Amino acid sequence: MSKPAIETGSTDNASTDTASADSTSTATRRARTAKDPKNPKAAKDRHPEEPAHTPEYVLEARDVSKHFTVRGALGRTTVVHAVEDATVRLKPGQILALVGESGSGKTTLARMLARFHEPTSGEIVLRGEAVSRSGRARRGYHSEVQLIFQDPFGSLNPMHRVRYNLDRALRLHHRHLTAAEREERTTQLLERVSLTPAAEFAAKFPHELSGGQRQRVVIARALAVEPKVLLGDEPISMLDVSIRLEMLNLLQRLRTEDGLALLYITHDIASARYLCDDIAVMYAGQMVESGPKEAVIASPQHPYTKLLIESSPDPERGVGDREAFFAGADELGEPPSLIDPPTGCRFHPRCPFAMKECGEQAPPRAELGDGHWAKCWLHARGRAGELADTTHAAATAARREALQGAS
Amino acid sequence: MTVHAEKPLQPMIPAGQAVLDVRGLTVEYATGAEPVRACTDISFTLRRGEILGVAGESGSGKSTLITALTRLQRPPAVTTGGEILFHGRDGAKPVDLVTLDGRQLRRYRWTALSIVLQSAMDALNPVMRIGAQFADVLRAHDRTLGKRAAWARAEELLALVGISADRVRDYPHQLSGGMRQRAAIALALACRPELVVMDEPTTAVDVVMQRQILAQVLRLRRELGFAVVFVTHDLSLLLELADRIAVMYAGRIVEVGEAAAIYGAPKHPYTQGLRDSFPPLHAPLRDLHGIPGTPPDLRRPPAGCPFHPRCARRTDGCDERLPLLLPVGRDAGHEAACLLNETDGDHGGETR
Amino acid sequence: MRTVFLRSWKVRIGLAVLVFFLLLAVFGPWLTHSVFGLDPRANDTSAISQSPGDGHPLGTNQYGQDMLAQVVAGARGSMYVGVLGAVVGTAIAILVGVPAGFYGGKVDTALNFVTNLFLVMPTLPLVMIVAGYLQGTGLTTIALIIGFFGWSGGARTLRAQAMSIANRDFVRAMRMLGERGRRLVFAEVLPHLTGLIASMFLHAMIGAVMAEAGLAFLGISDSSSISWGTMIQGAQQQSAVLRGLWWWFVPPGLCIALIGTAAALVNFGIDELANPKLRAARPATVRRTKQLARTGGAA
Amino acid sequence: KGGTAAAGGGSKGSGTLVFGKTDGGTTFIRNFNVFGPAIQKSPNAEMIYETLARVDYSDGAKVKPWLAKSLEFDPTGTTLTITLRTDVTFSDGKPMTADDVAFSLNLPLKDPSFNLGGTTYDRVTKKDGSTVVVHWPHPAFSELSQLASAQVPVVPAHIWSGKDLKSWTNPDPVGTGPFALDRFAAQQITLRARTDYWGGRFAVKQLKIIPTNGDALRAQLVRADVDWALAAWGNGEQEYAAKDPRHHLYQKYATGGAYSMFYNSARAPFDDVHLRRALAMTIPRKDIVTTLQRPGTEAGPTGLVDEIYRDVILPEYRGKVQAVDPAAAQKELALSGYQVKGGKLVKDGKSYSPKLSFNQDFGWDPYANMMTRSWEQHLGIKVKTVGAPGANLYEQQQTGAFDLTISTSGGAGVAGVYSALSSRAFRPLGQTAATNFGRWKDTATDAAITKLLSSDDPAVTKSAGEQLQRVVAEQVPFSPIYNSYWFVLINAQHWTGWPTPDHFSYVPFPGLGPDTTLTLLNLKQATT
Amino acid sequence: MTAIAASAAPAAGRRLRIPRRWGFLLRRLGFYLAATWSAITLNFFLPRMMPGDPSAAIVEKLQAVSGQQMSPSAMESVQKVFGNPHANIFRQYVDYLVQLAHFDLGISISNYPTPVTSLLRQGLPWTMLLVGVTTVIAFVLGTGIGAMAGWKAGSRFDAIVSPLTTFVSAVPYFWMALVGLWFFAFQLDWFPLSGGYDADLSIGFSPSFVLSVLHYGALPAATIVFSAFGGWLLGMRNMTVTTVREDYVLLAQAKGLSGRRVMLRYAARNAVLPNFTGFTLALGHVVGGALLTEVVFNYPGIGYLLYTSLQQRDYPVMQGVFFLITLTVLLANLLADSVYVLLDPRIREGG
């Protein structure tokens, strides 16, 4: 196994590398130094010494929104505001984790980036150019951006052998290759995702593979295209715990070796921390906070991020103190409706810090340095410090007491 | 706002008394020429009010164990050995659930042991109102209960898990995923069972909702005093939630012990691997590798210790002798099935 | 997968019967003619309405025709209508249902309307009327008509299935790889429908055999060609049932019932293949479970 | 005991006779518009409405007066004087007058779409209270049978006049017949015998007509739920009559017609007489009647049926059975100049593969099949059989779009049988011909037919008839295959006095109005 | 705060529900109107595309009887009665539509001058009675036994019933009817051989008449039920087997409910939904579906009417019957749509 850049992921390094908001992150630096024998052209394209003010994002989603119009069985139509004004930027070699609760629009955002959905508004920008909607452009686009699905069983046609999947990808994207060359590439690809002996795996059907192996095939298939960006929509959540780490390590390795940019969508903040450079948090279709992972996890600057991190299981947190740990957690309220989202800050109905303006107006974005930002009125009102001082549960309890006292 | 619904309850039952005694439970699937053993020789004791966590990889037999415990298995699953002793609240002689027939079992269902399934969407009848599904079971076990009273009780129960009373007339699909899951938990508590079995009740919801649900389970347990068997593949969750944890591998319990002991001093290489599969949320990151390899095919289990093909620390005897589940370590009730422990009693603790 | 399919006794028996009748349809007439020297149309005026016995193993009808030869020849006629009708019906169902489900949108709206239209059209009366208008309706015409009016149910199922498959991740994944149009349909979607199509085909086949028999019974078929339907019709016309000439109408009716049963049995297997829950309900599985419970384990 | 309820209830000793109608579907429609062109009217209206004349099939199919006292042609055969009976009353009590008769006979003239009887006269006048004169534009000695057609009955002018026959269904019929409508239900018509009928009194007080089908009928007859029915029962002699010879009667009465094969003589190859003869000689008539289970009913070569026209038929053709004669047929084939190659007929570089068109509705396939097999066996000619539904076949026949076809030949009297060969009915191919489908055009035939029609002199008509017999037997414009019969099924358990085919002066066949009346008049209640 | 968040959204949703449901029904109605129009148009053009025009049949009859060539004037008068085939097709079409709008289906040829509608009126009640009742019985019986077989899937009961049913439902219907007729009516004489009622009784609601209707209908009904229930049975069995393995059934058993209740309220109730669609469709085919039965048993219904009109090429009647059948099918579909919405809350509430 290659050496994943664990040390660089530690707090000290990350903060030094992401010194300014626009400077390249650790990932970019790593990508630059990575040798890239397979992609000389891509490496050339990258203008390594470009000054910092023109950030070289491979893929951007600029203020994209997606509204689904759903027609019920009885003909009722409703609009689901799945994603609202979200912005995502990926640099080469960067891994960005997208976390957020179920239904917050992570998948929808990824699918917009993979161009399964056209954004209702906003645009998708590939290497500085807005992508057109034509079918031809789509194929070109997909040779640079590939999506890895959550369920490796679902994303492999059970009727086709592993070889067919890889071969088709090569044939469609590298038309000049001969059959023998494709065969060779297939072997290479399988070896890269550690499916050895390659020949044996190439001849298997998906149902003969374990979940982890299947997901490797999916990744190999995506790699066959030689993309610049991988979008992983919960790529490991369907896998057994014991093999998840292997997949994370594999992704890490690919990033280091190929300088791939990776959007990693997950529920699992711990794994996000393990893998990524930066974290973006979504809530109810909106981005609420983003920044370097350690900054976000260690000192979340949005009440929802704080709730999320506090809710994530963490064995370290002391096994004994269970009652205190779960205290107050049963009063967290319901997730918001995306058909009729709350006004102002969408988190305000569940937020123990909510103020008057929270329910009225969307909070402004507060830049917190190091590329870390959050959208919360607490920052505008100078109450950000309260976030660090208390836990979500404690804040909720305090608020309830205050309310009862008032009434 | 949910607290008010609670009525005064019977005093907490002192812990330590067993409510369920499982001895040598073996479950097989009669498929193909050779039956598949999905659970082999499972033994454990569950005490009143205790939360027993069962962890293990996919296919390790957790669900099989659950359905066998609740006697809900269907063909081709067969319980081919062992006994499930249930100790009633009144101190009567324990009954072996395995020997009971369907009619006798109905007496114990829901009043003694109830179940929460993984996906509440599938577990609630899509064409019945939520309230009706409560009333159904309430009136089945209490024939004196009127229809109206049953619905009122359903409202109370829903309030218990923080669902407002007017939802009682909704159909399952009208509730959100989290609400459904909580409704399913409320339903499980409808007849004040002594034991609730939960099969991955939170895998379909996100962490915030998961926390919310678990907090409610804990609160209700405190108030009602039922014991819980909680099955999940997420060991890190169990470490926070369970009193004791049993780790299953290939249909066997390979280690069982207090949650703290399992986390702090796992005695089985598999448990160690499992524990180390969870990257930390706050502690410094290390290079982690999980457990390489794939779980065994239960149709052709490997000889000896079923884990040996994947075990980094296997020794000579591992592929020959099946290790027994033996007490290990310093903590009472901590047992593991690994040859390392048999040869060298003072083996654990060095892993960190 | 294949072994699972063949493991069921239903499938094995069903397939055996189907293959038997197919072979009978293909080689039977040749066999009866050249080996037994029987001619289905020959009139043995010395043996009219003769019960099964010497010279005529299955007896003769009122025209002195050998019933064995007729049943064999009828197998060819009926199977021909069955297979041709099913091919036509299934082909239309695929051509309409799969694109509708796969492409959605306007294509779907239009095709779905046509499907629904054919779905609500009362088929049998329509077939009767159309067949009645056409003169000299040969078996081919009958088969074509049956196929043409009998595809809508299949198209609807296929549409639903194609729609769900079009939204499956592996189709999305292949599309993302750059796979397009026809290849997507033929390499990714259609293979998943083979089970369904096979079962549809069998259904359509027995449907067509029955429909031809029904039409023949009503006098709308090509009575100059031999099929089981025309045999029953001939028997009915001469009141064979009431005259007790059972060897005239029992064999063709039984043959139809046998083929129908066989097709249904194979469909059972296909269903079980598609729906593992059904497999758990096989008597063999249940029996094995009971046995295991009794003996208390393999150990 | 269920099935008996339908009919049996009434027939037990209460003066009721049950007639099972097999060709009327399963329900009756209340439609006594007897002149209307409906194919299916209310059945047995000829029990209510009577005709002026009847055809006596026991006497060479001669036309005899019925409601008329006498029918007399003038010497030219164009004017007929009808003298009416004076004792006839309608069932509403009003007497039948010359006005009624003139009104009735004028109905087809007023609107040709109601000329279902196919009348050809052009003028009808009332001469006095009991005499009516009918005028034809040509000699009509042999067309008298028109007045015996059930489609040309006498209806009461006082009811019918002013009715729009295009919408009036005459639900409550009033006629001169022996019976009057008692009750009409869709599944049973009950007729009541009149007590004031001019012809006499009936032992049968009530006639019930029930719809049934061939299968059900057999059971109903055996159980005596039905007393009387018309249906062919293959092998009925053994399966029915032999079971109870005293009561179970299965009778055949010759209609004077035959099922015949018609050649399209207007086009090759069947414009060749030798070829026609060759095919005619190899029709396996014996096999056909054997499988029909009517042995001995092969048709003679003339188109005239022995049973009825025995006296008229030339001695050499009388009782002649046309057996398959391969040798003679091959000789004729050779004479024709056609060669048979690969089943096809070849001559002058042209090859023909003829088709045999037949009516599929009657289940005629097996017989067509026998014929083609015989031709192939004896002559090597492969003839294709094409079955067509009745209406389609008729269209083909009318326009001459066939090679060989099966149709009935025959009619009332010798003239009726042969008139279809007249060139008057000839139409070129493609045009619609009403009769003479085979496009027969022959001067000798025409001359004979003209003689036959325009003369009243027995000697003249006899010789003309003989001439025509020779034409048919030798030139073979069509080739009769087997005779047609009226099949009568009777269970005499309740009623006795039925005629037998050996000894009859009327045919017990409902539909032949007066014959039915005569039959019923002579029936007696059986003394169990 | 839980309650506030939870109740706000659905309340808003409920307000909008009622008017939109009408929208759904209107759209379905639109389809049915389009379908009706297509059927009518097909009905109109079908005979005109086929060889021979409607008046040909009657001309044939006339000429066959008279043995004479028809005069041009006579031809014209017949065409006037039955419509002139050479008139402008568009005009004819409009005339036809106008006719239909007045429920005038024309005049039967073979029963001239009886209007087609009165023929239909005579047959319809019998068909509705026989086939309607048997369709319901077959459905109830098949679904019931199917639920039982599916519930005890793999048991001896299932192992016998399912294959047997497979065979029974593969037997050609009319063949079974013939054999049934021969055995029960001919050999045993338990039932009448043909007809729909005892014609000696006057039609009405007298007990004896109703009894005779039952007696006459028993055999045809039995054969229909016998041959039709198999399909329901097998479908229901498979659905039940699938449903029984759903988690909610498992949970219902875990709840300790009685077996009957679990089977009926949980398994069968859900399993019957797909079958129900088929049932309403079958109801739609009631009028048209009984053709063979009615022919075999000489039952005085619509099917027999179609059969005879077909034999006699009575085009107006054929068209009328077809029109009637199409209408009932469409009506039943409309009904199915509406009732299904009631049965499945997921659709009802638009989930």
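Letters are used for the chains, namely A, B, C, D and E, taken in the order the chains are written, and counting of residues starts over at 1 for each.
Here is the rule we go by: contacts are C-beta pairs under 8 Å (C-beta built on N, C-alpha and C of every residue); 3 or more make two chains touch, one makes a residue touch a chain.
Treat the numbers as computed from the prediction; the structure is a model and nothing was measured.
Shared contact partners of subunit C and subunit D are E.
The greater number of contacting C-beta pairs, out of the two interfaces B-C and C-E, is seen for C-E.
Ranked by separation of Cα centres from subunit E, the top chain is A. Relative to subunit B, the chain whose mean Cα position lies farthest away is D.
For the pair subunit A and subunit E, the distance between C-alpha centroids works out to 56 Å.
Here the CA centre of subunit D is 41 Å from the CA centre of subunit E. Subunit B and subunit D have Cα centroids separated by 91 Å. Taking the mean of the C-alpha atoms as each chain's centre, subunit A and subunit B sit 32 Å apart.
Multi-chain contact residues of subunit B, defined as those touching 2 or more other chains: 1-2, 74-75, 162, 179.
In subunit D, the residues that reach two or more other chains under the touch definition are 215, 219, 361, 389, 392. Annotation for subunit A: residues touching 2 or more other chains are 331, 334.
Taken together, the subunit D residues at the contact with subunit C in this complex read 214-215, 218-219, 234-235, 239, 286-287, 290-291, 293, 360-361, 363, 365-366, 368-370, 373, 385-389, 392. Those residues of subunit E lying in contact with subunit B across their complex are 1-3, 6-7, 10, 154, 244-248, 250-259, 261, 265-266, 269-270, 273, 343-346, 349, 351.
Residue ranges of subunit C in contact with subunit E, taken from their complex: 10, 113, 116-117, 120-122, 124-126, 128-130, 132-135, 206, 210, 213-214, 217-220, 232, 236, 241-242, 249, 253, 256-261, 263-265, 268, 271, 275, 277-278, 280-283, 285-287. Of all the residues in subunit D, the ones that touch subunit E in their complex are 1-3, 5-6, 9-10, 25-27, 29-31, 33, 36-41, 111-113, 115-120, 149, 151, 165-169, 185-188, 210-213, 215-216, 219-220, 223, 361, 389-392, 394-395, 398, 411, 416, 419-420, 425, 427, 433-435.
Of all the residues in subunit A, the ones that touch subunit B in their complex are 1, 4, 6, 9-10, 101-102, 210-213, 240-246, 248-249, 267-271, 273-274, 297-298, 307-317, 319-320, 322-323, 325-332, 334-335.
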